[in-house]
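Here you go, one structure.
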């Protein structure tokens, strides 16, 4: 789960990570007042959950309250990658002596937490990682070995700064950031850039936080921050119904049990020249309701020209699945061709049941199903 | 032979009084697995399908001599169940539970490693050594004792592949779902070492998917260390970046972890990669 | 550092460990009001930092406010092991269905924290440990391995109770107690007894906390609780001056550099039939101020008949020490015989200096010093 | 030979720019110890008595090849210094610092053990292998290369005992102050194992004091495992219960940890116990 910059900054403040003076605003008038209150040059920043807002014109400097109001008018309401800007953060303009990057994320291969730092801050860190990987310093942090030790933070800080004053500030920011990371069950936290201002004070100019969905039950205050983006609405609703759905831009709707098998089916469609309209994993149950809900999602997607169902009955028996499918088809009006491949435990019994519905197109393998679906879509 | 589980496996089911735990305890018993006990705190003394229930792993191991555990407890209690199992002295822990917080698993995998326990999963369908023992939720019927070791990040896709292997008459030595989460206990390399040392296994199938770099690391390991043939199969070629494809671990982040990268890494290491599941048996036959 | 029961209960409350309804009182009138407020039978408990207050009559039941006031009069002002009772805790009388014991302390040999539990609560746990050690259950907790795991707490709780309801309560109390233990840098925490009341609720009836003096800088709120007992006043003042002093009941005042050597000197006095008046370690410095302060403490003890100084000059050179001693003797009026043994680095030079003061009795070994001191004391 | 430190010791002084660190760095260098570097974050590049200072242990080890460290940093930063040293790859860490919180040491001793580092102390005067190296604050002059291994919970008392041993012409192989705190790294048993394996050491003196049961455990170990003679000396016979006798670890709690108990345990294990320090050389001579 992602949150907005202003929300991330609120968490930073809780953990005593220094941020600029900032006020969240929803109207140009509020922007003007905020600018006046801050009493110096401000930066007005669009609050959207996608990257690249700067390039899109979503971040602008204003020299006085009048300019701020003007800039507020420009940014509020604009669209960035399809998202309408409804909030801006009015932030004191900070004199920047140097910019660096610090962050934490989980590291799969070491099974630990990795702390990253780079003196090349203020730019896309993934670019830095590709272009000049030697400018990114990493240490592994083991929460079962006392977490981030002072000496680790210090060693990393010495990679960013030479003077003890900045090193000390970096150590305390890294320690606080780690505490925030652990304390919120984050999966990513970044300060980019971490800037040194005119007085030599380090400040988190931007803030990014992603959280582990599986741990949100421990953090109701963060779960409350969830805002479903319009593009994610269907995926979110599917999830609430126990389905895992992702919309793509193809025309063959897929319904599969199991994520790996679903990806295999999609790959096969592609292999044979088709294009999958979605990823849709209905999981391990033969509950007809799930099949109905899944089918509804596919039918609501105007791009879908044909539906391909691929089920491998494991513990779930094929006859149960077939009954579920029949029930689902009875409950819905389906005006698209449906190709079904059903195999595994009690396959025969399952297929017997499916044969009752003459409109269903049966396939005897995943390949067969993919080929038939593509053929029907091309008609 | 086989790896990790066999005729000598004595299984304890953690969370046996839950719906899934009870159901699969019976299924495993039916398959022939020696299910010696179950754990459910506060339900010690009860029986589930004739299997004695204990209040703790400590007690279950002491009374039954169990050497393997499988965990079906809900996600928020699962890490503690792993700690308890790792502390109890069993050799193998299979975690079926899905949705365990990642930071819990960072600590639990480390704890298991320090206790020298083989931790499989979480979010794993378990494993099966056909004809000997099944510790998991896999459908026993599609497996046949044989010569192919299978390890996979997926569930039903594994069944699809195994179905082809079984129908081709090759059979499986041990088939493992390693778990679909980003942080899991044993990884491909750990299983490869065991398969390499297992006389029954003649070839290995590695079923990978997008996300992380486990397949790339395995490719490097295979090139440098394996004498037995490995066949790869990678899914998720059509997956868009930044979207989690069902499994918590199946996500292409910042452009890395794509299927194309993984396939390239495998091929570079001289590992044949199947385009479709049905190609796998032929490739194996050409190699053994 | 030790604190009173009521202070320990305040910490329990912060950590959500259930305690009875309780009010701290300093006068019999307050006791009466507290009893009225609680509105049922109460127990009035003397707040003193020594054990055995129950046997000494410092804990009494009162059926009504009048009785409470009467009991308050009896307990407030009484002396328990030389300590005057100045505060009492008025506590609701709890119906006791069962009593158990739980606690945490540091374990030297495993270098871990040990969690102890016993179904034999309400009695002196050291007695239980001696008489029926199989009634005490222990688990080792490793703070570098995730601390107290739920399963560990549960396994221990099942040793105390059979029913899940009590087990669950015990688990949450043990977890909270561990958190309190770690959170306060305690060296001992005990609930004895932990009682099950009429409704089956577990309550901490008594509470004991000792803290690590070396960690008090991290816990100013606990450091503030320190109350110097009259008996410890001199020891405390000595500590503030960098001296480690403990008064004993003998007559030979000892001043030694190093704790081990100080104990060795005391043992030797005893071995030769004398009796040391104190333990006094002046540490590794040759600072004359320390010697002056140490001498003042010894001179203030009326039991001291002779002073024995035993110094092994290591890094500190003997001539420096001798100069310090001379300075100290010049600054003080000493009307007792002083035996000095000085050896180690620059011993010769040191002894030359000491010889300037004709009243000092020099000894050439620790034995010699002990013998001479005893002889002088017996005169 | 000798144990833990010798001619090949390359020492790094943590906290070298502090008063004690700087003073003793010079003293150790004077004794002949190969002091290769010092650490003081933010003072990297400076020199102390000709010894180069680094910002971190990592850097100090990388640049000097140091294999041993000694810690003089203040108590509240000392645990972190131990972590840093243990992580840096040195083999031996000597912690002189006194007053480190016990719960810090519970974690730090564990961390050192997991990194396979020999941790001496805290609250230790260090150790000396006479004629080879001194890593600590002990007065070098009273030691003489020889055949007796000495291990002690105390500082100046050790000097007292060593003085007798040296004057008796026996000399010392290695002499160690194990630390006066309740939780310390290596304990008597760890040193006994090393002395047993050290050809130079012919007999061992164990100087114990009240508090804990390290002497009792050592007695058991000696009886079961040691071929070399051990002489015991225990102080604190006159100590009252519940009072800390200077050292944080020297306290008789709830009636256990008394000198009488310890002496009884040693005697029961067949270990001679001296009544006075001056008796120790005679006992040793009667045993070798």
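We just call them A, B, C and D in the order they show up, numbering each chain from 1.
Everything that follows uses one rule, which is that a contact is a pair of C-beta atoms (placed from the backbone, for glycine too) under 8 Å apart; a residue touches a chain by one contact, two chains touch by 3 or more.
Everything numeric here is computed off the predicted structure, so don't read it as measured data.
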Which of C-D and B-C has more C-beta contact pairs: C-D
Distance from the mean Cα position of chain C to that of chain A, given in whole angstrom: 56
Rounded Å distance between chain C and chain D, as computed from the means of their C-alpha atoms: 27
Distance between chain centroids, defined by C-alpha means - chain B, chain D (Å): 48
Per-residue overlap in chain C, given as positions that touch at least 2 other chains: 144-146
Multi-chain contact residues (two or more partners), chain B: 107, 111
Overall pattern in which the protein chains touch one another (line/ring/star/complete/other): other
Full enumeration of touching chain pairs: A-B, A-C, A-D, B-C, C-D
Parts of chain D lying in touch with chain C, wherever the complex brings them together: 24, 27, 75-76, 99-107, 109-111, 137-139, 141-142, 152-160, 163, 180, 182-183, 187, 207, 209-210, 212-214, 217, 235-240, 243-250, 254-255, 259, 275-278
Chain D - residues contacting chain A, complex: 41-42, 55-58, 77, 80-81, 83-84, 87, 107, 111, 114
Touching residues on chain A, where the partner in the complex is chain B: 106, 108-109, 111-113, 126, 129, 142-144, 182, 185, 187, 212, 214-215, 217-218, 244, 246, 248, 256-264, 266-271, 276, 279, 281, 284, 312-315, 343-345, 365-367
Complex contacts: residues of chain A adjacent to chain D: 145-146, 149-152, 154-155, 158, 164, 167
Residue numbers on chain A that touch chain C, as the complex places them: 144-146
